[in-house]
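A short write-up of the structure that comes next.
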Amino acid sequence: MAPALSATPAKNGAGKEQQFLEINMGPQHPSTHGVLRLKLTLNGEIVEDVEPILGYLHRSKEKLAEFAVYLKFAPITDRMDYNAPGLNEWGYILAVEQLLDYQVPERAEYLRVLHGELNRIGNHLLWVGTMGLDLGAISPFWWCWRERERVLEFLEQLAGVRMHTNYVRFGGVKFDAPPGWLKRVQDYMAELPLKIQELEDLLVQNDIVRARMIGVGVLPKDRAVSYGVTGPMARASGIGFDLRRYQPYSVYDQFDFDIPIADTGDVYARLLVRLQELRETARIVDQACKRIPEGPIVDARVEGSKQLRVKPRKGETYTRIESAKGELGYYVVSDGTMKPYRVRIRGPSFVNLAPLREMCVGSKIPDLIATLGSIDIVLGDVDR
Amino acid sequence: MNWLADETRKPTDGTTPTKPPAAKTEGKPEPAKQAAPAAEPGKPAAAAASAGSPAAPKPAAVPAPPRPKTMTDDVKALLEKFPGAFTQLEDTDPKIPTLQLTDKLLLVPVMEFLQAERKFEHLALITGIDWKTHLEAVYNLWSYAKNVPLEIKVRLESKDAKIASLTGLWATADWHERENYDLMGITFEGHPNLKRILLPDEWRGHPLRKDYEWKKEQYVALDAKTGEDHVYAEPREGAW
Amino acid sequence: MADAPASPVTPAATATPAPRRARPMPNPLTVPANIRDPSRRRRAPLAAIGTGLKTTLRVFFRRPVTFEYPEVRRPVSERYRGRIGLELDLCIGCTLCAQACPNGTCFMVDQDFDYAKSEDMAKKFPNKRNIFPAVEVARCLYCALCEEACPTGAIHMTPEYELSRTRKDMVYMPDMLQLTEDQIDRMDGTKVQTRFEKGLKLIVENDKERI
Amino acid sequence: MALFDAVAVTDSVLDAVAGVAGLDSPRWLAQLLVWLIGSVLIFSIVLTTGGLFTLVFRRMFAFITQRIGPNRVGPFGLFQLVADGLKLISKEDIIPARVDRKLFRLAPYLAIAPFVMAFAPIPWSGDLIFSNIGAGILFVVGISALSPLAEITAGWASNNKYAIYGGVRAAALDFSYEIPMVLAVVGVILLTGSPNTNEIVMAQRQVWFFVPQILGLFIFFAAALAKAGLVPTDLPEAESELVAGYSTEYSGMRFGLFYVVLFANILFIGALVSTLFLGGWLSPLGDLHGTTILGFGPLPAVPVPDPIAWILGDGLVWFLLKTVFVCFVIFWLWLTLPRVRVDQYLNVAWKVMFPLALLNLVIAAFVRWFFLG
């Protein structure tokens, strides 16, 4: 007997009874980058409507923060954007530091920048790999993973664990760079651009890739501003805003790197922006390795296990850092006790995912997959 | 026993200790309760916490120095345009001028003025805070042109927290407001489809409220026919 | 024009030299794009596919970077944070580690195994309440906060990372924490089994209060 | 080169055997025997090479991504094929509830039938051909038009929305790439004068057809990849979009059949391309049987010994070499290129491939008129 299609009849242009096919893409699907469920209404290959349904990975981190001492929430923030865990941590610690008056020594700032930028390189490499997979190119993924393995090795030598490093502390960092580590990182930063060139040979000028990416999932500049999109996705739509340059936190004002900006706002522009950003980050890490000063790595008043007894003053703060996905903000409310009263987290992936519907309606299924991949969402960051 | 906070024994000034968390950590790491009598945990804490909170009651807390209130030209323009609608609060770090909007109805005109004339193009975040006596909605704005932040706070009632929706001005407000409605229980009038974004639709209660009894589990099961999630109070087959 | 950018954020920044980029930043919305017109074709049609094929062929002849895991192992860095280890002698039962644990997998257990501290250790590190930390290794975050909180350095992170055991075995009682993985493998099965069962029973009992 | 007449040989063997018992074995019995043994032979060759290619592909994929590749089962992982086969056979063969059972079971066999039949007229070497059909290449093209049938039935029968998309995509691609493929083959027939595969190979004695027909080779290759569903057009089974395309609901050995057919398809394309364009079993050194190596200074002229002639001269070795080379190119493309979008590639079929195929015909006619006279 014929399979039953659950189609929702709707009027098409000519007023005839138009049958659309409704498909649930997700929460378990090879290319939704996590447990995202898309309720698709399809007219053949053309996507009529996309409704993202979130919450399958919702662990309510904001409620978890209210149960524990300030520092105990740090390892939990690592689990939000698990492609670049170090940056989440840094954002949270920086936010709480606004309410403390600790003096972060210069060397600790440089170590934080190194730790954050290595995470960003790992994240962008993983993104290029999975973007290739979404388009069907198998081998770039493994080349990216080979490079990301080198980066994770550096993080393991620095902080003891490859991904969820739990390395940034109030007023400084946990460990100093092991001997010879800076030299190894610096050599690798010279080698990384060659590997990026290899990826570009395979992906960027390839005719099939250009046909699949140019003019797909376009987000014009004014809509990008209205959707509050930030990070590489915004820079691909023409918003040349980078928190590390426009509101320099930590010691970013001492590095010179430029911000890649494209104006077409399609998937191809995002690919170019992220590949260029990989090179810029390599430059930053290289400069940081060269100019890192000697000195203590944590403020003396918060040595060792005193970190767990940190007690910020009563007050509120909204601090933002440029995470790999965009503007990662923490709105921390402290009532003077040892536990945060309220922590609100601005997940960049959550905000960048909102325009998916506007970018994909009217395009084909493969374009939807390419656009979803190009936004670079991580469901831990979306669902929090 | 949460020896860290120390305030479980004597309420500090102002806010009563947050009940659920303290009660929660009460039993948390101490299954070996029967070995240690109740008075015991206080002592090793003091002994162990070398430089930490001394056992003696803390000296009278000296009032913190008044926080700065930066008066940028945006704030001045805003105060002139809407006389009497704002009270300036102390800055939210780092140097974000903060204004408390006293009259809820003025929210949309204020935001329109800020977005259009004062060029605050970027709505970074909408936060809901539960101060137990009342709710508060906090809007963080950012001006790309002038590279400066601004924060607007609005006070809402705990029972029926209603505020106008900003989906007309910024498209990002759509999901921010849905999340605040879902987790904090603030309803935004004029929102195109205000329904839960992270939790299943039939979830009872708003988790981020301070009075949300989080110990009572709710189970979610997928209905095979319609493919929708249903929430049950007790575990059923297929529910997690 | 836009006034100077908001002063740098952390108090520490005042200590660092004034930001070199003093001149006001251009308005991000009107700044020109520096990735010029990506859609313009720079290569003849199918030529880029040729370079792609050439790259794959070049990588085809390179030595593999992977190695065969069980036989060949990559040395872990000396700071590696694997499974939690415990020095029963040093432990003074101060429950600091249990309180520092973010998700309550490290909890105190009263001593029900035959272990007596040696004479001088008992004097230096008295454990009056005879309670030691047990760890539910399956739910542990490996965040090393317990290691930081421990005043005597009794609890520390060992470089063990091969922890695959059956689901119910993953509760390590204090005396098991002291041993390394291959020591546990060499112990006779029944003794190990009873220790894990005891741990699991404790988990079930107090799972309600814990997060 | 007398064609090795299998039927005559078996007939004489049977007569000898029956002669002992004083009977005379009828000819049709020999014919039947040859066909039976032949089809079993072809079937086993195609499927085992298909299986071997899964191993070759995984090894090549490993090298390109700097990994080691399967080396656990048997020396250099050679028994990986057996291991995969056993795994698939031992896996539970789930047939979902609301599925069109008859079609669901039929689809994998529909996938294998065309390939095994299409191998019949392929000339493996001078006299080694399964059945020398008069219109060999037309038979092959006709049969390979059947291949999308399996994907469509699998897609429709699995009652799964992704599978239907896979099936419909397979249908669209195959039908629109039928014409360019046939036109490219017609170009080759034009040059040889007859569709018989053996004569096509013989006609390439002076020059292999890929020299005058380079355009035809490109179109034929692209069309064959599209029909087989290989990257850059693995749309019927697009992992990242349609979960697993038409084979989403299949499991166990049924899925194994689809998987092996995919690789048997690669062998088939390799054989076809080498027969049509790379001169089949012709060796570049020509037929070395009975020739002599010219004496060079002090070295006397030495007649070529038979085994060397067998290997270097025309024959099976050269055919296998060319086929394996074409398969290497297919794997190479598979590991480099991303997937095209369905509608774009259909436009390419009608707006680019079709006119190019006509142009190719004109070139073939010109070459025929000008060179071969």
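Letters A, B, C and D mark the chains as written, and numbering starts fresh at 1 in each.
Convention: a residue touches a chain if its C-beta (ideal position, glycine included) is under 8 Å from a C-beta of that chain, and two chains touch if they have at least 3 such contacts.
All figures in this text were calculated on a predicted structure; none of them were measured in a lab.
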item	value
A-C or A-B - the one linked by more C-beta pairs in contact	A-C
Averaged-CA centre spacing for the pair chain B and chain A, given as whole angstrom	24
Centroid spacing, where centroids are CA-atom means, of chain B and chain D in whole angstrom	66
Centre-of-Cα separation between chain C and chain A, whole angstrom	21
Gap in Å, rounded to a whole number, between the CA centres of chain C and chain B	30
Multi-partner residues of chain C (at least 2 other chains)	5-6, 9-10, 25, 28-29, 49, 52, 55-56, 59, 65, 96, 101, 151, 211
Contacts with 2+ other chains: residues of chain A	67, 98, 139, 143, 146, 202-203, 206, 208, 225, 239, 241, 246-247, 308, 319
Multi-partner residues of chain D (at least 2 other chains)	64-67, 335-337
Every chain pair meeting the contact rule	A-B, A-C, A-D, B-C, C-D
Touching residues (chain side chain B, partner chain C) in the complex	1-4, 24, 26-32, 34-36, 40-41, 44, 47-48, 50, 94-95, 121, 144-149
Parts of chain D lying in touch with chain C, wherever the complex brings them together	60, 62-68, 71, 332-333, 335-337
Chain D residues touching chain A - in the complex, by the definition given at the top	61, 64-67, 98-100, 156, 159-162, 164-165, 231-232, 234, 238-243, 334-344
Complex contact set, residues of chain A against chain D	1-5, 21, 23, 29-31, 45, 132-139, 142-143, 146, 202-203, 206, 208-209, 211-212, 364-367, 369
Touch list for chain A against partner chain B, complex	24, 54-55, 58, 60, 62-63, 66-67, 69, 98-99, 223, 225-230, 239, 241, 246-247, 306, 308-309, 313-320, 327, 329, 331, 333, 335-339, 341-342, 344, 346, 350-351, 354-355, 383-384
